[in-house]
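Structures incoming, each one as structure tokens.
Each of the two complexes below includes subunit A, the first together with subunit B, the second together with subunit C.
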Partner chain A sequence: MAYLQTLVNGIVLGALYACLAVGFSLVWGVLNIVNMLHGSLIVLGGYLTFFAWQGYGIYPLLALPVVALLLFALGYALQLAVINRVVSEPVLTTLTLTFGLDLILYNFMTVYYTATPRRVTLDLGAIDIGGIVMPVDRLFGMLLALVLTALLYLVMRRSRIGRAIVAVRMDSAAAALMGIRVNRIYAVTFGIGALMAGATGVIFAMVYPVTTNLAGIYLGKAFVVCVIGGLGSVPGALAGGIVLGVIESFAGQFFGPQHALTVGFVLMLVLLVVKPTGLTGIKGYE
Partner chain B sequence: MHFTTTGYASAIILTAGIAVIAISPRLADAADVVKFGAPLALTGSLADEAKKQDVAWKMWLAKVNAAGGINVGGKKLKAELVEYDYQSDGQRAGQLAEKLITSDKVDFLLSPFGSGHTKIVATIAERYETPVVACAASSESVFDQNSKHLFGTLSPNAGMFGPMVKLFQEKLPTLKRVAVLGRDDVFPKAMAQGVSAAAKAAGLTVVYDQLYAVGTMDHSAALSAIKAGNPDWIYVTGYTQDLILVRKQMSDLGLKAPIVTMVAGPAYKEYIDGLGNLANGITSSSWWHQATSYKGVGVWPTTEDFYKEFLAKEKSDPDYVHASCAAAAVILQDAIERAGTTDKKKVRDELAKTDVTTFYGPVKFSANGMNQGRDLPIIQVQDKQIKVLAPADIKNGDLSLIK
Partner chain C sequence: MMTRRWHYVLFVVWVLALATTPLWASNYIVRLAIMIAMYTTLTLSWNFIGGFTGYPSFSTAAFFGLGCYAGALSQRSGVPMVLAWGIATLFVGAFAAALGAIILRLRGHYFAIGSIGIVEVVRLVVSSWGSLTGGGDGLNLPLLSGGPNAVARIFLAVMIAIMVVTFVVTVIVDRNRFGYGLRCIQQNEDAADMVGVDTTRYKVIAYFLSALFCGTVGAAYASWIGYIDPNDSFSIIMTIKVPVMCLLGGPGTVLGPVVGTAAFTLLEEVFWANFLDYNRAILGAVIVVLIFFLPGGLLGLSYRDIAARIAKPHRRPKTAS
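This part shows the complex of A and B:
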């Protein structure tokens, strides 16, 4: 029974991890950009949600589409105006650029919003099914994470823009020859990454305190999930997130909370050695 | 154009006059101000805490200068504060402390937030024999480095455990089982180990005693294990964002106990704001609370004076960081006035002799420079307000058990 509870805790946490990582994974996979901004974008989404809720009483779920679209616009504009200038440079250049942008965004938020932890105090309680407790807001976050991830998967597979993104990822020169405007696709992809970060921020605002102090932790988690799950693939991020969540949950129980994170990192290292493409084993050609 | 002799003379006098006017403020500056330097983490992860220090010091500065300045040997000198943002990067804090001393020529230093960064700045201050007063370092490991120029207004952590265990045993005679969960970090770890030892010494059973890693995003495993231990008292220590998450997850998982302590959760207003009703019933330790009523030296003669001015200016309650940092400035001012000079060595000697009461409480430095131990307030959130449960002389409420 205790194990079942641990498993449920792990799966719910894992879905949140997946949500956090999917946008990061997409940008890394398609643009070959390690987006250091990702954690701060999640926190920005959280702040927008918090202020909408505190100032105007708007429920996080209602704020979600607006926040996601705002973040998409921000991401699109950033890629088109700034990052595209260096997108074909080695990964260290783009990493440095996004690192710099992250410093600006992070400190902007710290100065204007202060790093004081805030929380959307909607306590929705928990569901108890046969002794297994599931917090409603986390469950809700999990459902939303699954829906968003599934939607993204469908967009990538079925829509013209999704196919264009995959084409650019496979061979950007060939894609350009086919008439795909590669720079636009880059911008759309980065926009989708930011959109997912914004949506994650909305979900997280209900579960975690909103503070810039957490931006680095989110980014670190996104890294681990991507390496475990496989880069650039939507199902990979989902698998990586859930595996990490479940492993951390059990490790916390067996080895104590002090070592739960260590076990996750060890798994990442092992995978890097034996299966560098990650669990899904594909490189994101959905 | 013809110049008469008088014309030449007046031209020279005019030029000389302009030169004197241009130079004199600089001369006046050097002699007529007391310069304080502060490396502050205004951006980065410690930004929130650094802003509190900034608010407290600026309040003190305005108050001192409005009264004409600091009385140095019968002459009133204006106080000046030079701040630099060290971006929460310890190494940079050290570099900026050095710059403050060597290039800005500050007379005294005020230290940044936290034990780690205080230690770095204190090393630099020691090298240049510049007195530094720390207001947010409570780990004794900072003060055992033989620094002759470091003084701190917080009392040692050790004073927080025994009185708390005793109080809870009195109020809940059936108290037997304690669970301790702490963040694996300098201050929280010391707190977790301290309370666990004190509980064992008082005959209680510690059913859970673990640390969680920095960066933990989920506490359900630890909390489920604590639930299985069925404790009467749950003691969690960490930083505000962790404590908010832990409290929330406790409620999600249906984990309850008659006494729940979170250090230093309720000492911060944002903890109570962030939790709403979930904050009710949570107990904590603090170094200071506005419910205290001290009278003493400095620009704020009583605790109430400080509290009222802070409330009027900031529209919120001060916490111990504000008070301790304002007190650090008050203590420095007091030492300068007693020394009657801004000479670093003489002021250091006066600081070491300090034995005064301020709005913040009594300040008397031990041989290592740390403020001497005293009974620290034990507080509880009741109906979203802070009540002081102990010590007896400042108490304004009784422990209410969580049902």
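This part shows the complex of A and C:
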């Protein structure tokens, strides 16, 4: 029974991780950029939600579309104005640039919001199904995360813009010849990455405290999920997220919660060496 | 050849300037000189893997931090200070060589992510292995006797000595077959492999060199400061600062890391005094400016072009249009 509870905890956590990593994975897969800003964007989404809730009494679910759109606009503008200029440069350049942008955003957030942990407390209680206890806000967060991930999957599969992103991911030169404006698609993709980060921030604000100290940890989770699940694929990120969630949950039970993070990173390093395309081995974007 | 000789001369002048700070400057400046010598060693070390070989390594903080802890633990178990630095150097070198053989099979983004992951893993292991490392409480080390001024002079000499050794190794690598091979790998690894460069061995040696002296300065830093903790030793900021310093000066050159460290520290000092809360943002802004306006670093600038532009501001430099 105790194991079942741990498993359920792991899956709930895993759904949150999937939502956290899917935007990062998309940007990495399509733009070939490791977006070091991702963690801070999640925290930014969390802060916007918290202040909307505290200042104006706006319920997080209502804040979600607004926060998502704001972050999309931020990501779109950032990519169009700044990152597009170096998008084809080597890793060292692009990674250092996004790292630099992250330092700027992080610094302003710490100065304006301070690192004090804040949290949206909804007090929804907990439910008990056959001995497995689960707080309702967490369950709600998981559902929201799954819905958002599924929505992104549908957008990628069904919409014109989604197909254009997939085309650019497969072969940007050929996509350009087909009349796709590659730079715009890059901007839209980065915007979607930021949008997913913001939405994750909204969900996390209901479940975890919001503090800038967590930005680096979120980014680390995104790395690990991408390496487990493979790049640029929504199902891959979902699989990677759930695998990581379950492993962390069990590692926390067996070795103590302070080691859960280490286990995730060690797993990532081992996988990088043994199987760098991820467990699913997916290369194309489907 | 001429420019290279000038670079060596400039380096000697710089070493003399740093070494004589206790004679003409305040304690604050002496402390700054120690930090500059330390960071120059780290940047010169990073240059082996990041500059010459072109691998985006972000694991400097892991090597530095391990050096801190290896030195501190040896010293606490009764090993004399200088010997403890030697132990730390060898330990970090061996660690990097073993690790390099594994992770240098990765390329590009995966290598970058892996090297960041290593810093995190080592930091987490050190902070959770409380019985050995003191965990989050950190470790205290005996301070040298003789008063702060004398101690500062000793460590200034030590840091400068390590910096000079690292520079000499850089010059040797730069001028011989090994450095040539590393540059081949940087330009095109597959082609380098094709023409007979033993890429795996070269990369592992470059990675080893990029770690070795980080271990020494880490241990010396621990002895100087007298207290270390995981967050200070394995700082994520150091992981990015060191490559940025090298890029600022000019990666893959002999003097670039030295110039970059000096320029960066100067910038930091100017801004820090005025905007204490914004030091991360300033580092970020330096990165953005660097990437857009100084892609080859300070040494990559064409000074003749700039002089021409200053002399005749209304004329644009000739371009093939």
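Throughout what follows, the second predicted complex is superposed on the first by the 284 of 286 C-alpha atoms of A that agree within 3 Å, B and C clash if a C-alpha of one lies under 4 Å from a C-alpha of the other, contacts with A are read in each partner's own complex, and residues count from 1 in each chain.
Going forward, a contact is a pair of C-beta atoms (placed from the backbone, for glycine too) under 8 Å apart; a residue touches a chain by one contact, two chains touch by 3 or more.
Because the structure is predicted, anything quoted here is derived from the model rather than measured.
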*Quick one: on subunit A, after the overlay, do subunit B and subunit C clash, or do they fit? Just give me the call.*
clash
*Regarding the shared-chain residue A:91, is it in contact with subunit B (first), subunit C (second), both, or neither?*
second
*Of the partners subunit B and subunit C, which touch A:41 in the superposed model: first, second, both, neither?*
neither
*Considering only touches as defined above, state whether A:6 meets subunit B (first), subunit C (second), both or neither.*
first
*Looking at the overlay, what does A:118 touch: subunit B (first), subunit C (second), both, or neither?*
first
*Could you tell me if A:258 is touching subunit B, subunit C, both of them or neither one (first, second, both, neither)?*
both
_Contacts of A:220 with subunit B and subunit C, given as first, second, both or neither_ = both
_subunit B versus subunit C, judged by how many residues of subunit A each one touches_ = B
*Is A:32 in contact with subunit B, with subunit C, with both, or with neither (first, second, both, neither)?*
second
_Going by the contact rule set out at the top, does A:266 touch subunit B (first), subunit C (second), both, or neither?_
second
*Which partner does A:99 contact after superposing on A: first (subunit B), second (subunit C), both, neither?*
second
*Report, in rising order, the residues of subunit A that make contact with subunit B in one complex and with subunit C in the other.*
107, 110-111, 216, 220, 258-259, 261-262
_subunit B to subunit A touching residues, read off their complex_ = 43-45, 47-48, 51, 181, 184, 210-213, 215-222, 224-225, 228, 240-241, 244-245, 248-249, 251-254, 270-271, 273-278
*subunit C partner contacts - residues on subunit A that touch it in the complex*: 28, 32, 34, 82, 85-86, 90-93, 95-97, 99-104, 106-108, 110-111, 216, 220, 223, 227, 258-259, 261-262, 265-266, 268-269, 272-273, 276
*Taking the complex as given, what residues does subunit A use to touch subunit B?*
2, 5-6, 9, 13, 16, 107, 110-111, 114-119, 121, 123, 125-126, 128, 133, 135, 137-138, 207-209, 211-214, 216-217, 220-221, 245, 248-253, 256-262
*Taking the complex as given, what residues does subunit C use to touch subunit A?*
50, 54, 56, 102-103, 105-106, 108-114, 116-118, 120-121, 124-125, 128, 236, 240, 243-244, 247, 277-281, 283-288, 291-292, 295
